[in-house]
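First subunit A sits with subunit B, and in the next complex the same chain sits with subunit C.
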Partner chain A sequence: MSLAAEAFVSQIAAAEPWPENATLYQPLKEDQILLSDCASSLAVQAYLRMCGLPVQVRCRANAEYMSPSGKVPFIHVGNQVISELGPIVQFTKAKGHSLSDGLDDVQRAEMKAYMELVNNMLLTAELYIQWCDDNTAAEISRPRYSSPYSWPLNQILAYQKQWEIRRKMSAVGWAGKSLEQVYEDVSQCCQALSQRLGTQPYFFNKQPTELDALVFGHIFTILTTRLTNDELADRIKAYSNLLAFCRRIEQSYFDEQDKDGQSGSSRFSKGPSLI
Partner chain B sequence: MAAPLELYCWKGDWGLPSVDIDCLTVLAYAKFAGAPLKVHKIANPWRSPTGTLPALKTREEGSLSQPSKIIIHLRKQKYNADYDLSAKEGADTLAFVSLLEEKLLPALIYTLWVDSKNYVDVTRCWYAENIPFPLNFLLPNRMHGQQLEKLRLVRGDPTLEPGEEIEKELYRDALECLTLLSQRLGSHKFFFGDSPSSLDAYVFGHLAPLLKIKLPSGKLQQHLNSLDNLRQFCTNILVLYFPSEGRDIPNRKMSVHTDGSDFDNEPHKRRNQILSALFAMGAMLGYAILTGIVTIKRTHPQEALVSAGHDDGGEDDED
Partner chain C sequence: MGTVHARSMDTLPMQGRDLGVHPDDLDVMEVQQETKQEILENKDVVVQHVNIEGLGRTKEDYLGYEISEVFNAKNLVDVMKKSHEARQRLLRLGIFKEVEVIIDISEGADALPNGLDVTFEVTELKRLTGSYNTMVGNNEGSMVLGIKLPNMFGRGEKLTFQFSYGTKETSYGLSFFKPQPGCFERNFTLNLYKVTGQFPWSSLKETDRGISTELNFPLWMTDHTLKWEGVWRELGCLARSASFAVREESGHTLKSALSHTMVIDTRNSAILPKKGALLRINQELAGYTGGDASFLKEDFELQLNKPFILGSVLSASLWGGMLFPIGGQPTSIADRFYLGGPTSVRGFGMYSIGPQSEGDYLGGEAYWAGGIHLYTPLPFRSSRGGLADLFRTHFFLNAGNLCNLNYGEGPRAHLQKLAECIRWSYGAGIVLKLGNIARLELNYCIPMGVQSGDRICDGVQFGAGIRFL
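So, the complex of A and B:
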């Protein structure tokens, strides 16, 4: 897209208010979605709730193929389709909804850096455990990922995905790591997040930002998803301030709205509760 | 005291101690931590113990090649540049290194290895000139392929081709990352106080090539040059920690041919052409003699002359 066209689109985006029928698409919640996608989806939902923007969650078996970037989740707002948290944050900003306006330059730099830390270590670790640990891949990831399809397509798609992720791991230098080293990295990442959070309610004091949404999405999903063993969740449980942080966001942004008795499709879709 | 550890890395140019991002990071960290390393600056990755550069030869763990592992190993040997950092600063280090790897590194790979103008005029040219014969024909292309593959996998786009769209996306992220780093650094000398830490080594490793290598298409460079404090930060480190590199900048004229074909940039072109012509001639002659097309008979000098005449004709056709 040319610069002029892009500027035009963002102008249009800014002019239109947030519609009532905005929709978020993700893979099937019960049978298909995997830990990493579920975490990313929850992060986007948390972000939109923090902004006070209503969105309906729809589960589609082919969400991955509907997405413009091939990654889930994506949102459909008006006549635009945007995938992943980063672009969605930019899009809402163009519409005048932003959580990070109150930060100064250094804080904004730190916020972006910590968001990349979560993507670089936590998300990569989730992908590693899903697809490179043979037990998890055979018992959980491959059957769930390919559940909507019949034989032999399910086998082909699942192995294709696994092959792709494994090559990605070797490109980022994770292929040689053992499972134990990956858990160690997760601990290191949580340690850093826990240090940064300290005793504050949110990462940058009183107001939540997109970083809070991202961390919540990943940590909450890891804590509430059952894998072949509990090692991953146990690593996170060592950091009590992160647990309290997750409960706080869950209570302030997800519980109240459920009580309002909204319609079925916009019902909170994060699954089991922490409390 | 035991013998110093041996570090293998790419040799330097353009006033840099090494031309490679990872090697620069490791070298800078070793300087910051005061680790006495025996550094081998080479231009042939096959001479490194791991087959890649950088590589640190250790006694306990064999040879290490990932910069993060090398730094951890040096830290275990009590060469720790992060000793004075608080826990929060340690967390910040981890976060900003992730920022560099996710946002800046893909754009760096693109600008050095994928952008066709930069790759043909500078990157391939440098590696082909410096890697010894005959590997200089093989390795630059292979490294190009590996870097492109890495970029594709990291971006999650298997059909990624160099082009305007991807370039715009990558550079947007990278420019943002540079601006964020500049804001974080502010007017400080180093990222955490007055002494350099591992984060400074990572930032230096990623920025110094961009600052020093003269690239024909240099959007990233322009932006970095406009951020005074980051430029100053790199220059400072070069002057303070690598004083010997600045002095002997070779006054090499950058060979920027835009009109000639790709082969014009190959070094030792004439020598290689003569060598291959000689080799081809030798092979043809050998084949001719072995299969009996040409027979050498001393008893009939006239016949031999006739055969040799045929042989010459064949070569002319080949050339």
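So, the complex of A and C:
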């Protein structure tokens, strides 16, 4: 989105309160969604729950193509369509909902730096494992990604996606990496996060921020998603404070809210539980 | 026009014009031996040989069917007539640049006294022809490259390739055409293509990549087309501001459809006919042969033309169509019908009638449209012929409706639904005929029966197209 358009959207958005029928769109949960999309979707859901903004989750096979940026998840609020965590955070801020207002400038810069770290390391690693590891691509990613389509479209789209991601990996210099190096990068990223978190409940002490939502989305999804092997999850399990952090967020933002009997097409779309 | 050469003949009593042959064109050779001079006009003749000269890659057996009729000619006039017809048939194949006919008396050992030889001198088209041009439009510039290989394997096969490279989109089309020897109208076409369309009335962008096979054949008075098409369709929003209903249709689908078209056309011209009728019935079954889209689509077009007083023509047309979803799957925005605009119900915006969401028209599953036109020659024109013949003034009355039907209800409810909220319009304008394929219209329209959501064009409306209500 261009800067002018963004400014315009925020201006309009500010005028209207958060509607009851806000909807989040993501790919089909059972058969289609991949680790990286699931993580991004969960991060946005966690963020909106932390803000106390209700959102209904809808699964659509063509969610990726419905999204204005071509990335999932996206939310449909009033007549606005906004995709990805960054723009969604800005959008809610314009409506007067923010988690990072209590932070000072230094903390805010630090938060942004850690969010960049998660996007550059964890998200890129997820994409690498999904599409550049031949085993995972052949056994999980391609069949799942193409599951809504009929032959020969399923083959075309899956290989097209794989090619696109591989090109992106070359662009960021990950194409030459081995799987072992990628796991090592994930470990380093987790170590940095683990050190920053320390013994605090959230990254910036008592209050959760969008960084907490983002880290929760990725780590929770990696821990609860089955891949061809458990190496990725095992690397993360080495950091016990991150595991405890995930459980904490799951309990305070997902479990209790789901107990008050929401229907099947529910607001709860997190997948299996950690506990 | 080619020339019919006739040798060893006296004056020709017939009017060459009827056969498209001018008497001046006929080379009447000086007869060398007075004794051999005969008047062949009413005499029985036998066509002994028919030769085709100038063939390169064309196979002779392919042409045999086209010229065999010449052997059945019984007198000279007949020979000329049949030769001329054969010439037209040869030219129609689209593989010759020129065809000339020479009729001569037979020579050689087995020559009969009343024997004739007919020789067709042909010039073949080049093996490969190419073209390139540039186009500007739709906020996009593009370069179009075309390559044509006529008569590829010597039996009328044709391969065409068109590639358009634009600043935004590239598209291409590869087509292979093969007629049945002896019956050119019975032919087979294979197409491979990628096309991109932008539909601002729906804020929709569509990219189609597909393959289709088509079989054309005449049956009694009708022409039939059987077609299978497999197409990968990619829909997207034209702008960020597109309505959510259009956004929901975004993504990839695969359509595999069988279709059949029947046409009866007795009109004297496709654009601005003076008399005759057209009936086109088209049906499409998607999903039976695979793919994601499954529906049955029926539509028809009827047009009747009758000469009226003072050189004017009265024309009436009726269109209609229905789309039945199969298997409970909703129909795609790309398959539904659209109505309105200068080529259908005049006075309304282009495809801007019926169901819509936030200003984006979503199309309907059923429609009908009818029109009555009175075409008159331009007033105050000085004489027949010339530029003024390309123009007509017309007065029109159009009506139509487009809506979605609830297929659970009976046909009575459907008719009622189609009969309520009828949009109609009337007006007058000028029509310009462009070649025999397209026409331009400049009309003053008064739209009536406008429903909320319809976009109207009250007043002057300009239209260009190849299919008109």
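Just so it is clear, the second predicted complex is superposed on the first by the 265 of 275 C-alpha atoms of A that agree within 3 Å, B and C clash if a C-alpha of one lies under 4 Å from a C-alpha of the other, contacts with A are read in each partner's own complex, and residues count from 1 in each chain.
Please note the rule applied: contacts are C-beta pairs under 8 Å (C-beta built on N, C-alpha and C of every residue); 3 or more make two chains touch, one makes a residue touch a chain.
Values in this document were obtained by computation on a predicted structure and should not be read as measured data.
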### Task
Once the two structures are overlaid on subunit A, check if subunit B and subunit C clash or fit side by side.
fit
### Which superposed partner A:175 touches (first subunit B, second subunit C, both, neither)
neither
### Query
In the superposed arrangement, does A:81 touch subunit B (first), subunit C (second), both or neither?
second
### Task
Check the residue A:116 against both partner chains and state whether it touches subunit B (first), subunit C (second), both, or neither.
first
### Task
Have a look at where A:189 lands relative to subunit B and subunit C in the superposition and call it first, second, both or neither.
first
### Query
In the superposed arrangement, which partner chain does A:108 touch: subunit B (first), subunit C (second), both, or neither?
first
### Query
After lining up the shared chain so the two structures overlap, which partner does A:244 touch, if you call subunit B first and subunit C second: first, second, both or neither?
neither
### Partner touching more residues of subunit A, whether subunit B or subunit C
B
### Task
Treating the CA centre of subunit A as the corner point, state the angle out to subunit B and subunit C, nearest 10°.
80
## Note on the structure
Distance floor for C-alpha atoms, subunit B against subunit C, superposed on A, in Å, equals 8
### Task
Name the residues of subunit A shared by its contacts with subunit B and its contacts with subunit C.
1
### Query
Once bound in the complex, which stretches of subunit B touch subunit A?
66, 87-88, 90-92, 94-96, 98-99, 101-103, 149-150, 153-154, 156-158, 165, 176-177, 180-181, 183-184, 186
### Message
Looking at the complex, which residues from subunit A come into contact with subunit C?
### Response
1, 5, 60-62, 64-66, 68, 76, 79, 81, 149-151, 153, 156-157
### Footprint of subunit B on subunit A - complex, ascending
1, 69-71, 105-106, 108-110, 112-114, 116-117, 119-121, 164, 167-168, 171-173, 188-189, 191-193, 195-196, 198
### Message
Show me the residue ranges of subunit C that touch subunit A in the complex, using the header's touch definition.
### Response
232, 234-237, 240, 244, 247-248, 250-254, 290-292, 358
